[in-house]
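To keep things simple, chains are lettered A, B and C as they appear, and every chain counts its residues starting from 1.
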Amino acid sequence: MPVTDNPVEALNTALLWLDYAGVAVFAASGALVAARHKQDIITFGFFAAITGVGGGTLRDLLIDAPVFWVQRPGYIMVCLGIALLAWFLAGFNWRFRALAWLDALGISAFSVVGAAKALSLGVHPFSAMLMGIFTAIFGGVIRDVLAGQPNFIVRREIYISATILGAGLFVGLRLVGLSFWPAGLAGFGAAFALRAVAIVYGLHLPSFGQKSPHESPHEDKLS
Amino acid sequence: MPVTDNPVEALNTALLWLDYAGVAVFAASGALVAARHKQDIITFGFFAAITGVGGGTLRDLLIDAPVFWVQRPGYIMVCLGIALLAWFLAGFNWRFRALAWLDALGISAFSVVGAAKALSLGVHPFSAMLMGIFTAIFGGVIRDVLAGQPNFIVRREIYISATILGAGLFVGLRLVGLSFWPAGLAGFGAAFALRAVAIVYGLHLPSFGQKSPHESPHEDKLS
Amino acid sequence: MPVTDNPVEALNTALLWLDYAGVAVFAASGALVAARHKQDIITFGFFAAITGVGGGTLRDLLIDAPVFWVQRPGYIMVCLGIALLAWFLAGFNWRFRALAWLDALGISAFSVVGAAKALSLGVHPFSAMLMGIFTAIFGGVIRDVLAGQPNFIVRREIYISATILGAGLFVGLRLVGLSFWPAGLAGFGAAFALRAVAIVYGLHLPSFGQKSPHESPHEDKLS
């Protein structure tokens, strides 16, 4: 564990809270996708759980850590509670706008949590940054693939960039010696700010299509 | 291993038989999807194998057990044999109806097998129930995602509910002290009965659409 | 390690080079899919990385080896470099034809690398062959699922067959005592030759549709 100067106890407690918060907001986004597709309560629970724990599950498999929720049923129970709440509260117009903002909170929290967990287990800093990114985006990827809807990766808006900024800043600040909380808050804040600006102004990076006018027979597939 | 009162030998033998049976019926369902899409014999084998072992593979990764089929080639060979059989036998009208019933047998067996394996490795009972559910449904999820067809999660019929009933009943009966076989038969029977009723009568839980009349621009995506 | 007669050092060096080569060509195929869908530079990198390391990641999870790129950031950096190159070079007509040939090189290299790594860790030879196949095809499967395009499994062309030939020949030759390089070159060459013939002549195996004229309401789903 080359870059943890905090006591492990404190780190774990901090991670645990951020982790539960991230899981909860992602669970809400999963449940809202189920609502959008007019699913039943069981499917609400399924999508809440898959979306809530999917990214962290992939992270733990990749870094060979015990999958975080298997021996801690609380995580899945939080997801199921959120699904139940969403079932009773989601029938309002604010839900679609809420989805984007919940998701923004979730990816910002998970960018930091995913990277922090990997760092604390001695994973190479570059890969630890990747783990932050994967933790942040793969819950949503799995949600979208299973719901049969276009996933955000193929949409054109600043999204992955926000997780790169958040995870990269956190890992960089830890490497130069900052302690967990300031580094974590900086990473979280930067990711959320960038994503918020992208949501409000519909920002996106230049796409390959804007750069090259060459057409292909496949290009309308995702338009 | 808090809840195994059976000798491990007997448990393993029982699990092994149920496991092979579940793998075989799921392999058949995978091969029938390949038939439906008019694939070649290699793809029959591929879908049979993926569907047959997919759910159990996810379970083993999540609970950090060695993936069950890697050092036991018999599992994949059973899948390939089933694929070959399906190639020669599947050109009949009964195949589409057969698919639902094979699948019903498979999810009932795997609800119990998945939960039993997790329990026998000391996994928390709540998560062991989840492992039964995941083992039962993820072979089919992977099959449907790879075949590019809408997966059952977004269809509106009692399906996951049957696996919850089967895995939950099995784990509950084991927790109150019942031995493997009666608990297993009760779980298997309850899951199969509920799924059979759903197939015959087209039962489904109330959906979010029936509860809330609010419309969204995305709702026809899966209709 | 029953079938490694080479010094492990030599094997590892050979594997490492083949592995980087396979990762690089798959990364290129991933970046070209991003180009086809007119994505931004971040998504180029994402698809390059996912496609480059996806198959090997699944292999390592299945055989319970440390995921190969996590502690070696070079792999992902190669992918990102390739994505950057593709961003500046991909706007030409040759790119779609190039995709098929890069992919052919990639599956041939990975058929051998995947099987060799599994054999060297003592995995059963039959499963080692499967690992070669999985390593070769799952990067592309994940790429296609995430890009929302029909994956090659459901297309009708000799593809998986080439990986079976390559991985099977390599494992067979190793089992009868051949050393790594001749066995590896034979496997690589056979896989590439078969795939090349399939690309040039559009070869495919007989499909279930040609064998059985029975129609189903679902069959046009993938036509």
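The definition used in the following text is that a contact is a pair of C-beta atoms (placed from the backbone, for glycine too) under 8 Å apart; a residue touches a chain by one contact, two chains touch by 3 or more.
In this text the structure is predicted, and so the values were computed from the model without any measurement.
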item: Minimum number of chain-to-chain contact steps, chain A to chain C; value: 1
item: Same-residue or different-residue interface between chain B and chain C, half as cut-off; value: different
item: Magnitude of the superposing rotation for chain A and chain B (Cα, nearest 5°); value: 120
item: Centroid distance [mean C-alpha coordinates] between chain C and chain B, Å; value: 28
item: Junction residues of chain B - those touching two or more other chains; value: 61, 145
item: Residues of chain C that touch chain A when the two form their complex; value: 34-44, 46-47, 57, 61, 66-67, 69-73, 76-77, 87, 90-93, 96, 145-149
item: List of chain A residues in touch with chain C within their complex; value: 61-64, 123-124, 126-127, 130, 141, 145, 150-151, 153-154, 156, 160-161, 164, 204-212, 214, 216, 218-219, 221-222
